[in-house]
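Okay, so chain A shows up in both of these, paired with chain B first and chain C after.
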Partner chain A sequence: MTDTLSYLLMAWMDPNLLMLTALGTFAGIYIGAIPGLSVTMAVSILVSFTFSWDVNEALALIVGIFIGGVYGGSRSAILINIPGSPSSVATSFDGYPLAKRGEAGQAIGLSTVMSVIGGLCGTLVLACAAPVLGDLALQFAPRDYFLIAAIGLMLVGSLAAGSLAKGIVAVCLGAIVGMVGMDPVTAQGRFTMGQMELMGGIHYVVVMIGLFGVAEALYQLHNLDTAVVKQNVSKVIPPLAMVLRFLPLSLRTSAIGVLVGALPGVGGDIAALMAYDHAKRSVKNPSRPFGEGAYEGLVAPETANSAAVGSAYVPMLTLGMPGDAVTAVIIGALVVHGLNPGPMLMVENPHIFWFTVGNLALANIFLLIFGLMGIKLFAKVVELPKAVLIPLILVLCTVGSYSLNSSMTEVYWMFGFGVLGYFLKAFGFQMGPIILGVILGPLMDTSYRQAMASVGDNPQELLMELISSPVSLVLSAALLLIVLGNTPLYGWLKRKTARASSSPS
Partner chain B sequence: MTTPKRVPVGERTFCVLLLIFSLVVLYQAFMISGFSSISSPGAFPLGISAVLLIASLRVLYELRGKPTDGDGWLTSFKRFKHTHFPRHIVVFTLLAVAYLVAIQWVSFYVSTFLFLMAAVVYLRRGKVLSALFASSALVLAIYLLFTLAFSVYLP
Partner chain C sequence: MLKKLITSVAFSLSALTLALPAYAEYPERSIQAVIPWGAGGATDNVMRSLSPYVEKELGTKLILNNRPGGTAVIGSSYVMQQRPNGYTLLLGAENPQLYPVLGLAKFDYSDFYPVNIIGQNVVVIAANGDSPFNSMADLLAAAKEKPDTLRMGATGAGGLPSTVHAMVNAVGELKVREVTFGGDGPGITALMGKHIDFMPLSLAAAQELVRSGKLKALAVLATEEVPELPGVEPITKALPDIAEYLPWGPFWGAFVHKDTPDDIKKKLVDAYAKAVANEEFQGFLKNYGAQSMNLHGAEAEEFLKRWQSVTAWSMYKAKAIEISPDTVGIPQP
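Here is the complex of A and B:
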């Protein structure tokens, strides 16, 4: 108990960690707010810079960036109608109309407070749910891991914007990239095409930096001349009555955020859209019609995307499965630091878990402080011209991938993935599913083979186990439902039942 | 699901290439250990490659019947270049490649400074003085941050 408390307060007590968390949160707000810089990009590059650090320090900085970045996206969404990050797409629906009415300050203030409420809800759920799930996870068999990973990949494939087929292509591409190199069991080369250099595999931080850094930077060159709209920002701190008025809604949408965030693979962007949709359907008398500057339309996505941050850590810390793209990168960070994310992490390194919980709470406090001040300075930073920003991103990506292994090979790989990512992006393939594939593919491979080996390579017996074990049964049913829900069969059934119910019998 | 009216130029070609790539991947997966055992090193790669192949087929199938511009090969290529590779992206990419090559020849800081300088001047269409200022400031920041604060290995 005292151990837990000391881990929990570690970031609060150690001035070094306190400063890093503050720095991360502050930097995160700006990174999130600058369109073209994403949290995933920042965290991917940071992982390579911080790997010589102590793991706590690296995690403190990353947690800060994560919390700050998810929130920061809302600022540019409100001020210039360009979501700074995918999770603030829904924020711009009502945030920008508010700014146009001259209520930008009020909107930013409210979104800050709501983000903090959401963030604290997410942290609380992480603190309560993860230990329970962690204990449960120890009883999971390899086949269950296989099923959970498959569910995660199906979800991310189907919920990613665009077509399901493209999502699945992206996931498979990632999984194959993840499997390049020596087979972990037999040390046989896979997808190496006889090249010795590929036997060590492709470092996935390199893939991440390429896809989220270079590809994104190249893509940003398309809109080099986005006009910056100046807004008059004043009166930032929202009145208490306003916060209280939206509290019930914010708790409901936090719940949505927490639930969606905890699903493996699905993160804040989807949570925010779902919460916005929920607010639209459930709020009877919004302050203004939705889409024309309703405060409810701002509260819902902002609480949900921040709540999803904490809960995205749940599958990551208990199962070793990323809750979203950023936690996928954080898994990379933990591996770089010699930790093994998975069910044993909570047992072997309980300090990582409680430290993360305490750190998330701390970052939320800093978010409240930084979010409500420094707005004037902020308006200047968003004006940083892309012509300077984009070359700088490339330099940072180069330094980042070089420092992983002190070799230029990694840098060339990174650039190669960047160009590939640019093409994929241009034709509507998403980057997030690729990264999740890179992490989850090898995990599925290992758990599949363990599951098969445990039944003596007998598929029939494995099928029997899927039905007889309650955990596996639930997971298989869920997977089956998701797969069916995405096939034409489901649409056909739906049409049929709709027709049956509408026609008088 | 939204169905765009037209297939973006080059998408069909890209998807065909993707299909060919999936076939190569499937072959490579088969080469790992063939169909020797259900839990061989190649079993899961084979499965995932099969899924990739099916999904790529599906992507191509989704493009059917959608109008393209029906232009000749050269016109399509030009349109493709115009949409996805406008001149500034090509120039920037070439600059980036030159930069990555140059790092090994001249030192990291020199090449970084030259690259930033060239890229900023090009992207801002002139404005040499401000580019000079921006690149010097950035190189200084990189030095302070990475060499002094992070102590990262630089190329």
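Here is the complex of A and C:
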């Protein structure tokens, strides 16, 4: 017991580790904020960089960057409507409208506090229930991943402000973009038009930067004459009352984040989208309509993507399986330092597990400190004259896209999608559904085919499995309810029950 | 007049300094290393463990990128398209040697230069720890009783599981459903969750889980027991005829574009040879259940040719492929 305690507090007591965690978190925030620079890339470079260090020191730095990076993406999502990382796509839906109203400071402050709450929830679950959660995550079969992707796609109904038809077209367009490349099962080229170069597909971060960043910058050229919105930065730290008011929602969305993050192969980006979807459906009286600066729309994705960080460690530490791209790299780091991630890791080297828990908690505290510092300065970014802001955005986007693979191809793709996005925006298509299609389309495709292969291409057997497995049953029911909820049938049922309860006698 | 002279001299000197870097020492910046398989799998783990030692020898950073897809076609063709200046490496497994006979791509490792053949691994047939099967014979019997019902994890056409499956089918009968994953990592996760029934894996990927009892090794693809897996029967017990295809195993290697300048090739070969020979890395390989080979130059090319001809011809005999190896220039072993 005392051993566990000493491992937990190792990062807190040792000045070296304390400093490294702080440094990592600080750097992570800014790496995450620049669109295109990804946490995965930064951690990848760090693994070889810290090869000769002590394993605890290397892990401390990496944990800091992970936590800071996932949060940092929300900065640029709120300020300039460009998600700094895929996990902040959902943050931009309500974060940017808040900035347009002059409340960027409050938005950043709220997202910081919510990220810390989510992060601490994730860490807590990791500490208490890692083996249980790990086993639960293993129960998810390919058909369950398919259902999750399908549920996520239902978000299109909420995102397509205006025309649902245009939203669906946008999702399909995104799914097509996501399918470009090699078929995962048969290795045939899809939409590659005979070009070998396209066999690798189009990186979804490039699509994201192009559609959200460049397209937005081009669109702003219409509005060069509108006055900049003055940001009200008098109160950036959210009052306790506000935090408590959103506590039920933030705990629910943290739970979503924890569960989705623990599934191997899906991470914070999908968690954030599903949390946003949940918030839209469950919050009946939001502070403002969703999509126009609702605080709930900011709370949900930020808690979820930070909670997913802690739970991404679950499959990694309990089974040696990566929970997402970053933990896959961390596995490599452990291997390089002579440790063997796997079920035996917790038995033979328990200190790594407890050290990580303590480290994550520490990194979240630093996140609170560094995140709340300098908000006033950051909020002023929105007030920059457009003549400075737009070129700055274009430069950042270019740097970000280039950094993905050190090649100009990604930059050309980004500009291409930027121009496409500009025209789509002009004709009333939303960018959100497109990204939804790009991220979830390939997941749906691969898991559907794995599920069908598992049942020998027999749809009846698949349906039987959907009913017999508890996880699949719950997910199928959720999907069915969501679909029905969007149809007139649901509205009719609601009206009937409302009439029945309102008639007194 | 003097001003003009000075300016022109200054300009020419600065132009010279711009030209000088072209003759600077390789490597003068970080090198991109492409791993054509997903993160968390055997290839990924081996390469990530080796890279720090290589970085020390070369004196620069190796940036590792996973580019999975199409049984390593995506990653390998990406490296082939880059400039042959030694700044893009391919850290792959054995799959490209089968591309010509599988029709997956028009190239194979003879279109690359082998910097180092790092090591090879032994294959185990793994099942979930709670599986009702305890040996290869059990698995074969169950598959015979209910053909096309058991689910086998695979990694795509040309991946290790399908090659092993083909070999088994050449001498026996194993009719199963193939479920494709992006690498042995996701496949192992599905195996642990009991969403598939078994999967041929390299020992490196499965070792920790077999050790902890989460996975069960039904058989090892060898003619006799291997010391790393005491008590696990060799596959020849249930399928004696398979011995003619053995010894066989997946291997890992580092490759670079064929047209890379010779001095750069030499630097890479030296660096990798020393890195692989490093005591700590050797210890890692052993711990991982892999056999070190550390081949380069003519030995490496010989090894690649032999592996290719043995595997391609055995798959052809097993009727697992339709393209005859000699039509694509692969001689009989």
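Here is the rule we use: the second predicted complex is superposed on the first by the 271 of 505 C-alpha atoms of A that agree within 3 Å, B and C clash if a C-alpha of one lies under 4 Å from a C-alpha of the other, contacts with A are read in each partner's own complex, and residues count from 1 in each chain.
The rule we apply is simple: a residue touches a chain if its C-beta (ideal position, glycine included) is under 8 Å from a C-beta of that chain, and two chains touch if they have at least 3 such contacts.
Just so you know, these numbers come straight off a predicted model, no measurement behind them.
Of the two partner chains, chain C is the only one that A:319 touches; chain B does not reach it.
By the document's definition of touching, of the two partners only chain C reaches A:329; chain B does not.
Of the two partner chains, both chain B and chain C are touched by A:186. Of the two partner chains, chain C is the only one touched by A:201; chain B is not. Once the two complexes are laid over each other on the shared chain, residue contacts for A:222 go to chain B alone; chain C is not touched. Contacts of A:49 after superposition: both chain B and chain C are touched.
By the touch criterion defined above, A:176 lies against chain B but remains apart from chain C after alignment on the C-alpha atoms of chain A.
Contact with neither chain B nor chain C is seen for A:12 once the two complexes are overlaid on the shared chain. Residues 48-49, 52, 183, 185-186, 406, 449, 453 of chain A touch chain B in one complex and chain C in the other. Residue ranges of chain A in contact with chain C, taken from their complex: 44-45, 47-49, 51-52, 138-142, 181-187, 196-197, 199-201, 264-265, 315, 319-322, 325, 328-329, 331-333, 335-336, 338, 340-344, 347, 405-406, 446, 449-450, 453-456. Residues 48-50, 52, 162-163, 165-166, 168-169, 172-173, 175-176, 179, 183, 185-186, 188, 190-191, 193, 218, 221-222, 224, 385-388, 390-392, 394-395, 398-399, 402-403, 406, 408, 411-412, 415, 419, 423, 426-428, 441, 444-445, 448-449, 452-453, 457, 459 of chain A are the ones that touch chain B when the two sit in their complex.
Within the complex, the chain B residues that touch chain A are 1, 8, 10-11, 14-15, 18, 25, 28-29, 32-33, 37-39, 41-45, 48-49, 51-52, 55-56, 58-59, 62, 83-84, 86, 88-89, 92-93, 96-97, 99-100, 103-104, 112, 115-116, 119-120, 123-124, 134, 138, 142, 146, 150-155.
Every residue of chain C that touches chain A in the complex is listed here, in rising order: 32, 38-40, 44-45, 48-49, 51-52, 55, 61-67, 69-71, 73-74, 77-78, 81, 104, 148-149, 151, 156-157, 177-182, 185-186, 188-190, 192-193, 195-196, 208-209, 211-212, 214, 280, 284, 287.
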